[in-house]
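Pasting a structure below so you can have a look.
As written, the chain order gives the labels A, B and C, with residue 1 at the start of each chain.
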Amino acid sequence: MKFTRLVALLTVSVLGFSLSDAQLKLNGAGATFPYVIYSKWFDVYHQKTGIEFNYQSIGSGGGIKQVIEGTIDFGASDGPMTPEQLNEAATKQGTEVLHIPTVMGAVVLTYNLPGVGQGLKLTPDVLADIYLGQITTWNDPKLTSLNPGMNLPSQQILVAHRSDGSGTTFIFTDYLTKVSKMWEEKVRRGTSVNWPVGLGGKGNEGVSGLVKQTPGSIGYVELAYAVKNNLPYAKLRNKAGSFVEPKLESVTAAAAGAAKNMPADLRVSITNADGKDSYPICGFTWLLVYKHMRDKSKGAALVKFLRWAMTDGQSYAKGLLYAPLPKQVVSLCEAKIRQVTF
Amino acid sequence: MLVETPEGEISPAVGASRGVTSRASALKASPKRNLGDVVFKYTTLVFAVVVLFLILLMAYEMYADSKPSILKFGWGFLTGTTWDPVQENYGALPFVFGTIVSSFLALLIALPLSLGIAVFLSEMAPSWLERPLSFLIELLAGIPSIVYGLWGIFVLVPWVRTSIEPLLSGHLGFLPIFRGAPYGFGMLAAGLILFVMILPIVASISRDVLKAVPQSQREASLAIGATKWESIRLILKDAKSGILGACLLGLGRAIGETMAVTMVIGNTPAISASLFDPGYTMASVIANEFTEATTSMHISALFEIALLLFLITIIVNMFARLLVWSATRRKL
Amino acid sequence: MKAAFAPSLRYYRRKLTGGLMLTLSALSAVVALIPLLLIFFYTISQGFDYLNLDFFIKMPKPVGEMGGGMANAIVGTLVLVATGSVIGLPIGILTGIYLAEFGHNKFASTVRFMTEVLSGVPSIVAGVVAYGFVVIPMRHFSALAGGVALAVLMIPTVTRTTEEMIRLVPQSYREAGLALGIPQWKTTIQIVLRTAFRGIVTGILLAVARIAGETAPLLFTALGNRFWSTALDQPMASLTAFIYDYAKSPFEDWNKQAWTAALVLIILISILSLLLRVATRSRYTQR
């Protein structure tokens, strides 16, 4: 009967599929913030060595959770793991989780205002007020006084934020907590917070997609996402009082101070940094790596990749609008990488 | 010509004369026959047990995983409006609200249209038109929900934002349900996309229910002088419970729908009177937050929402099938 | 005696109302078709641009770079559907047989009820369950987990259709088989099942077409894969997951590829349905 033949073919092919081929494959998941450069790195590395690093950008929250559960070989996050999360990971997986910084990026405020160009000026309190729902229209006096030359419409401000657990959110809310008392009381920092207003988009991709498609909207995304989609972004007034554009140089300036005082576990926040050239909302992004890798070949491959990322990998950063790590941080990372056993 | 049986060859007459007319007597007829039958029966039984076991296991896992949340929040979970992962305070009301509002909005729009379609297909259309039309409508039902979501983001939402919402707020903006900024994304878009998704279900089943009403009813009403429409009205009255069942089935689908809704509803746990505002449904919050809920209370809260969703869908589906089953069985 | 037909005003009003309502009904049928046509129109027109050989044989490119294809996603969807079917179809069909042939007791009623319950499981919940049962113990996202989630969604449809179709087979067929001395189990398989075959296949078709278009249950089971993979113990790409990722991204190139993926998915589902119909074309005419 033709049907039984079909069934047999189906079963055999499924069984045939189940044989993994000899290619070394590692699975990682996490932050959408560095997805642009990670996907480039893994593609280049695959062409160089044939090893497949399958990275899924499900958000930093997802990366942290799956690292704790042990369903992936490595994770990625731009919000450092909390002590509770680190403990849980150590208990469940029997090994510590190391944070290895890879690149730095800027969280920019991108907006969609036809007729208004690049470089809208924002101050910390105005930004906090927008995200708290206190400023609701674009032509609010607080905004027009900052931007006299710009033709701000009377439209309502459509706020966009992340709907998933996000390191980008962590960096952004970390900054807002530092600069706004009301934010600190009402919302505070986290990868997932109770947003007073706004629409949720999934991933950096989702938020930039939302802003791109919705006139009158504003959202926070990693610099690469704004630039790659020709979306304008705002100038922010930093701690020292100057309006800084989020360029790679301003990110590096922000990290300069932090590089000298890195804590041992390399988890540090560089938001609202000192220095007149620093962009106030920047952050490191980390790869979450198990200190002891169960699988020998995977462990060796991962370590090799990390070393490559610290050296050759850094050369891709600028082109993709991420800031490469300062030299001191790179040496600290290499020391950390040496701690990985397998 | 001899007939072969497990006991050997016998003549057909003997076999028939054994009075093998019922399963019971067949089983009693010969002990050797039992082995194949027994094996067959128990093999299928095993699989039936597997299904039962599967469901019980699922229900148990969902209950066990949501227990911490149930214990902590109690009934307050259903009335709480805060969803705060930082403070670990979870309340499901915004999601329940979002699910119910978007689904009922979809049903509200779908019902009159579906009835119109059902009446047209069952009472008015000639068969050369009815068959391809029915086929086309059922084709709609087969489109994957992610494709609806895709269409929703790039076609429906911009249309809602630029045409529908300004139109509604311009003319009916005094109503609280049409206030607010035209995001495009939001409850209205979600309701509209769900309406397109449940339309084929409600329409096809209503058509089947109408067809199941005996022809004699139509003939009787026409015979005493009713117009065609009045006759149809009577048929509709007759088919009321079946049509209600069709609605409930459509509602059940709308409640459980995840992807298409997540892509257009705006993913904001807020309860708002306005349809223009973004919202959140139970299915969407699970899809968005499940892979990343790191604290056990967060996961537990999500499992509780899954359990709630599961229970609501079961109840709605149960009622629906009961009503539809009783309405379509009449023809036989 | 000639009876004069002298219609009153009321008669005309009734006729008018009737005509109006009937016109509205016809109109609603037209209106219902509009979204259908729109969706097909958009999918075809938007997806057509990228529907070239590259799409089918090339792998996805890194974020932001133009070009690339979805070869891995197409194969991934096929593998996931096949895995789900291999798990779900035997369970569904055999349970359906049990319920139809032996299902006259309390246990069977419970199973029947539970199958109804299972049919109400939202697809996202199936994914959640498969995550707990397969991903966590395996410590791996995998195509197998995705297949399990899909199987859970298939089983109720297949069971119900199988049972209904078998019940429709007239009792006289069974009695004829038994009268000829064929053992009951052979009767069921060779006579009853063969008769109900086309109906059962329709049920299978429906279930397979449904799971081919599922996304939610794959989100936390098969996860996704940027590389070529057919292994069951590795994460797997799928057309639906790619559509989801690409649609909500801001990259126009990816948005266009999402439309093409949607087009390919719909074509794929249609081909699956057609293939099954052809392969099971009965040599015996059914009455």
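Observations on the model:
By definition in this document, a contact is a pair of C-beta atoms (placed from the backbone, for glycine too) under 8 Å apart; a residue touches a chain by one contact, two chains touch by 3 or more.
Owing to the predicted nature of the structure, the values given are computational and were not obtained by experimental measurement.
Simply put, of A-B and B-C, more C-beta pairs touch at B-C. Look at the CA centroids: the one farthest from the centroid of chain C belongs to A. Centre to centre, using the average C-alpha position, chain A and chain C are separated by 37 Å.
Between chain A and chain B the centroid-to-centroid distance comes to 38 Å (mean Cα coordinates, whole Å).
For the pair chain B and chain C, the distance between mean C-alpha positions equals 14 Å. Contact with two or more other chains is made by residues 153, 291 of chain B. Of all residues in chain A, those touching 2 or more other chains are 58, 201-202, listed in ascending order. Counting partner chains per residue, chain C has residues 248 touching two or more of them. Listing the residues of chain C that touch chain A in their complex gives 61-64, 79, 82-83, 85-86, 135-136, 139-141, 143, 197, 201, 223-227, 229-235, 245, 248-251, 279-281. Those residues of chain A that touch chain C in the complex are listed here as 2-3, 6, 10-11, 13-14, 17-21, 25, 27, 29, 35-36, 39-40, 42-43, 46, 52, 54-56, 58, 69-72, 201-203, 205-206, 208-209, 211-212, 224-225, 228-229, 231, 320.
The touching residues of chain B, counted against chain C in their complex, run 3-6, 10, 12, 15-16, 20-23, 26-27, 33, 36-37, 39-41, 43-45, 47-48, 50-52, 54-58, 61-62, 65, 112-117, 119-121, 124-125, 133, 136-137, 139-140, 142-151, 153-155, 196, 199-200, 203, 227-230, 232, 252, 255-259, 263, 283, 286-287, 290-291, 303, 306, 309-310, 313-314, 316-318, 321.
Partner chain B is touched in their complex by these residues of chain A: 58-66, 68, 84-85, 88, 155-156, 158, 163-165, 187-195, 198-202, 210, 213-214, 216. If you check the complex, the residues on chain C that touch chain B are 14-15, 17-19, 21-22, 24-29, 31-33, 35-36, 38-39, 42-43, 46, 90-91, 94-95, 97-99, 101-102, 107-108, 110-111, 114-125, 128-129, 131-133, 152, 155, 159, 174-175, 178-181, 183-186, 188-189, 209-210, 212-216, 219-220, 240, 243-244, 247-248, 255, 258-259, 262, 265-266, 269.
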